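Listed below are the structures to be examined.
Shared between the two complexes below is chain A, which pairs with chain B and chain C, respectively.
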Partner chain A sequence: MMDRYTKLQLVGIYASIVVFLIFILLPFFEMFMASLRPLEHLFRSPYQFWSDDFSFQAYRDMWKTVPLLGRYILNSVFISAMVTGLTMILVIPAAYAYARLDFPFKNASLALFLGVNMFTGAVLLIPLYRVLSSLGLLNSYWAMIVPGVAFLIPTGIWLLRSYLEKIPLELEEAAFMDGASRLYTLRRVVLPLAVPGLIVVGVAVFIGSYAQQFLFAITFNQTREYQPLPAGLFEFIGYQSVTWNEMMAAALTGVLPVMIIFLYLQKYLVAGLTAGAVKE
Partner chain B sequence: MVHQQQVKPRRTAPLHLSQGVFASLLIAPAMIFIAVIVAWPLIETFRLSFTDARLGGETYVGLENYQDLADSRKFRQTISRTFYWMFLSVSLKLILGLIGATLLNAAVPGRGLFRVLIMPPWVIPIAIGMIGWLWLYNGAFGLLSGALQYIDVVDKSFEFLAYKRSAFYSAVVADVWVGTPMVSLFFLAAMQGVSRDLYEAAWVDGASRWYRFRRITIPQIMPVIVSMALLSAIWTFNSFEVIWILTEGGPRSASTTLIVDTYKTAIANFKFGEGAARAVIIVILLAIFSLIYLFFLNKVNKHYGVK
Partner chain C sequence: MATLDLKSIGKSFGDAQVLHDIELSINDKEFIVFVGPSGCGKSTLLRIIAGLEEATTGSLLIDGDDVSDAHPIDRGISMVFQSYALYPHLSVFENIAFPLRVAKLSKSVLEDKVQRAAEILQLTDKLNLKPGQLSGGQRQRVAIGRSIVREPKIFLFDEPLSNLDAALRGDMRVELSQLHRDLRATMIYVTHDQVEAMTMADRIVVLNQGRVEQFGTPMELYHHPATKFVAAFIGQPNMNFLPATVTDVGDAGLCVQVDAGPALVLPVESAGVSAGDRVEVGIRPEDITQGAGGLNINVSVVERLGGISITYGTTDGGTRLCAALGGTADIREDQKAELKLEPKDCHVFDSAGKVLRRRQAPVLVE
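And then the complex of A and B:
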């Protein structure tokens, strides 16, 4: 009863949704339209919304123009997956400590972690370059994975901590009373209960890493074979001409795998966030 | 024998591990990682800011870099532009995020689809989204300029990124586009956490939708709004790829924020020392901003009865 809308309200809601979606999806629509236009007609003036010679040719040609395109798409996914794995390994124990244990400098060290959120890679590029260089990590996958992990740890701890706090303490106490060690309790009691939270944090970290590979890639990695998609796309800007239509086609194709995975996971994301990762 | 040895240590020894030691062991890996990759470069940045480091080498110059910045009118403009950029973009993200979350939360058919369709700007690499906006903003063959011509707002093609003011606001719109989906999602999650009983009680009392939104939803999700605002403010302040790909800070510095200025100085012009001084100023400004904000956050949380 309470949720019933009048006809007028329904029209208003759907109209607002449509306006909202136009704003969100407009750039994708524009990229798609550009990818369909033959190159010689991209620059047609005056502006024509509809070209009479739309074709999917760019989706075939792009693999020839940039032979490594497939590799770039996989690199992007691979780098983000590695970042997610490493971040989770570091974040899970730390988040548990902040959610459950009492120890000296607890609040101070947590504040230090969260303080990292104030920096982005762009502020620290020069010294970061030197650190990575002295660790021998430049021009490798690690050059993009390691900084990615460092800047995502704070968000990971912050999200997972509030999720773990919601898990009833009694279960752990019971396990502890039965003589289980702290580590055993964490592994066998807490983590299985935290799976929805782990999925939320994992997805958030993956997206964070996937969205921000560009800067680290162009600064710390010169090896073409290791480049992620956003950096690789700029290869369509050639010496003589820019094959814009193929670039758009490659961009849309390249994000497709992750979009599909995300579409599958998104319901867990909203459910998990609702269940606890955000304090109400 | 063997069996006993395997079981015994697990049952007794770890119990004696004090909470403090156990906690330090759990935190240490993450802490060390951050120390090497973030804290050390930060200290290095601080040191470099007192030198004239370039590609060739570096000598100590004291406060010269900071003195130059303090004397520069252009740099003061960049600071105020950055705060304006942050204020404008974050306000829009919060307002649109609130509207988006309310629409997503409305019990209408098709909201599952809407929830999916709102996500892409958040999920894809920022750099790729910006390629789309670059094309949209193009005067000769972009959709926006074409549409404006079609409805006769402009009589010839309009280059959004070619004029100082339009370039700045175009970058704001693109940045809002990147940030809004995530804000919406977090607000939605918070809204779904609000107890239904509250709404039902108000509904029985005849409270209108708008009243329920204003007096139940907003106060209940206020802590999330406030913490989202801070995070979003810091990210927006440091938003680099959006501006760099769209305008590289131009035309004539009209869209140069502090982070872009820092990158330009240090990476594009190889003035590492001068770049480091700018980086230190970013850190100080953000720290001051966050402290003031957290003070405010505490008050809000107290007001709404959150621990």
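And then the complex of A and C:
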């Protein structure tokens, strides 16, 4: 066996994993702890890890403090879903073309896509504002969806292209011999075999869009009803005080649906990958 | 009816020319095998016929019509790929039905045709399985089923048996020959295995470095190889080549002195050679007998297969030699043996590798 470790190595490996996980999960844990404490105990000194007055009161109060909270959560999911859907519609044919067809400036344009990815949305906010303004898309869902799609297409193409390239060319040649058009082959042969890859790309795009909507929302959208959760969380910052515990509770509640979807898809992913191991 | 004519087909990939001026005329209902070592261009030629690859020069005629630019469907051609190229996510039924779905046939006709193909290939009880659940031979049959279901005029096979084990390969060989007889269609089959070529073909095309080395029936290739390359490629074990010098050209044939061996008078057409020329005498292992023939070898290995003993050794001149002697031949490793060549069994190749045609070759059984 190649992967046999000594006791010491195993201890080292697990210790590293623990450190890594703590680094990643501690903020979530602290969010959760903060959401359970009453507001007046949040800034208590010295810090108390455990106290008897923990309660889920913040999870009830947050809906009253910010009446539109439910709407914000739905907006977040809706915007991300739209971004994912549109991105996939655009990325699938593009990635297939990059994987299989020969056309002028193929590699150059592919490199360009990667180049675009190096800019963060923040650098382009002002030009984007002008573009969206002249298209009349400001203060609508589209103001958050269109830039989201634009910024996620390059990643999508790069991810999916490498997956599609792994599908045996002979399958497509066989379909061609049998008279199938490119699109028919794409629909009936390539995409069904690429399902695990499509899920990977879909999840990556969904998460990417969830993460980036805050920036677009606060810049391009003033309409309260359209705000996604990250922007909506601002409403917990009042004139007098910040209800940190309710804000944490709301944030956790907002992340929850995404986490559930992701956990579910992760299981599906593993199954999909083994079922997709097709050739011989 | 499906005849296929290739007119000076050439193919280059960049600077590399892989096919030179291929001229072939294939008759209706013939089973043609393209055979040759890897890299000889046989698969490329097949892909050009299929329409997957475009010829750089020349044209392709089916039933006399130029189809060089036609789609495979319009050519009436189907192909079985080396890897079978089955769609892993579709059932056997859907795999076979795929070309019919593309052609948008009605449900009843489609089911009928798939059913019939499945019966021919004994797949009726496997129609609901996925390709992953089938054995190699069954997958092979599904791939064939997909190609026969739309009743093309010409079938192409690209090394279809190379992924199967030896026993199954033998069975499938027989099944394919049977299928050819049942379907009465033109078939073109690519292989690097000369046994497959010899057993299945009506006629064989031997390709070497992008050129047609010889095109003829298996027995023609065996008894009248046109070049040294064909002689060496066809026949198992391979033909022996003994260097020799021409001593005289007479009416009875060519007189040669085999290096460190006997002087022989060989009944071959001797135009173009004269005394003093260097030639090579080709002799098949199965045509060599033990006895006083003046050819001494040092035996190195004897493989006794029961019926025959395949004997390997080197002549006194240092040439490697293989002889298929009798099963009980009195021959031992690390000892000398004397072998005999019959002049009528000998092939002669000039220094360019071209054959001097034999006068007394066996009558061909067709």
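The rule is short, and it goes like this: the second predicted complex is superposed on the first by the 250 of 280 C-alpha atoms of A that agree within 3 Å, B and C clash if a C-alpha of one lies under 4 Å from a C-alpha of the other, contacts with A are read in each partner's own complex, and residues count from 1 in each chain.
Heads up, the rule we're going with is that a contact is a pair of C-beta atoms (placed from the backbone, for glycine too) under 8 Å apart; a residue touches a chain by one contact, two chains touch by 3 or more.
Everything numeric here is computed off the predicted structure, so don't read it as measured data.
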item	value
Fit-or-clash call for chain B and chain C when the two complexes are aligned on chain A	fit
Touched partner set for A:S55, first chain B, second chain C, both or neither	neither
Touching partner for A:S133 - first (chain B), second (chain C), both, neither	neither
Touching partner for A:Q222 - first (chain B), second (chain C), both, neither	neither
Chain B versus chain C as contact partner of A:G179, first or second or both or neither	both
Which superposed partner A:F214 touches (first chain B, second chain C, both, neither)	first
Which of chain B and chain C A:P168 touches, first, second, both or neither	second
Gap in Å between nearest CA atoms once chain C and chain B share a frame through chain A	7
Chain A residues contacted in one complex by chain B, in the other by chain C	179-180, 184, 278-280
Residue ranges of chain A in contact with chain B within the complex	1-3, 5, 9-10, 13-14, 16-17, 20-21, 23-31, 33-34, 42-49, 76, 89-91, 93-94, 96-98, 101-104, 106, 109, 112-113, 115-120, 122-128, 130-131, 146-147, 149-151, 153-154, 157, 179-184, 207, 210-215, 219, 228-231, 233, 244, 247-248, 251, 254-255, 258-259, 262-263, 266, 269-270, 273-274, 277-280
List of chain A residues in touch with chain C within their complex	168, 170-171, 173-180, 184, 188-189, 192-193, 278-280
Residue ranges of chain B in contact with chain A within the complex	10-11, 13-15, 17, 19-20, 22-27, 29-31, 33-34, 36-38, 40-42, 44-45, 48, 96, 99-100, 103, 106-108, 114-129, 131-133, 135-136, 140-143, 145-146, 149-150, 157, 177, 180-181, 185-186, 188-190, 192-194, 199-200, 203, 209, 220-221, 223-224, 231, 234-235, 238, 240-241, 259, 262-263, 266-267, 272, 275-276, 279, 282-283, 286-287, 290, 306
Complex contact set, residues of chain C against chain A	50-52, 71-73, 77-79, 81-83, 85, 87-89, 98-99, 101-103, 132, 146, 150, 163
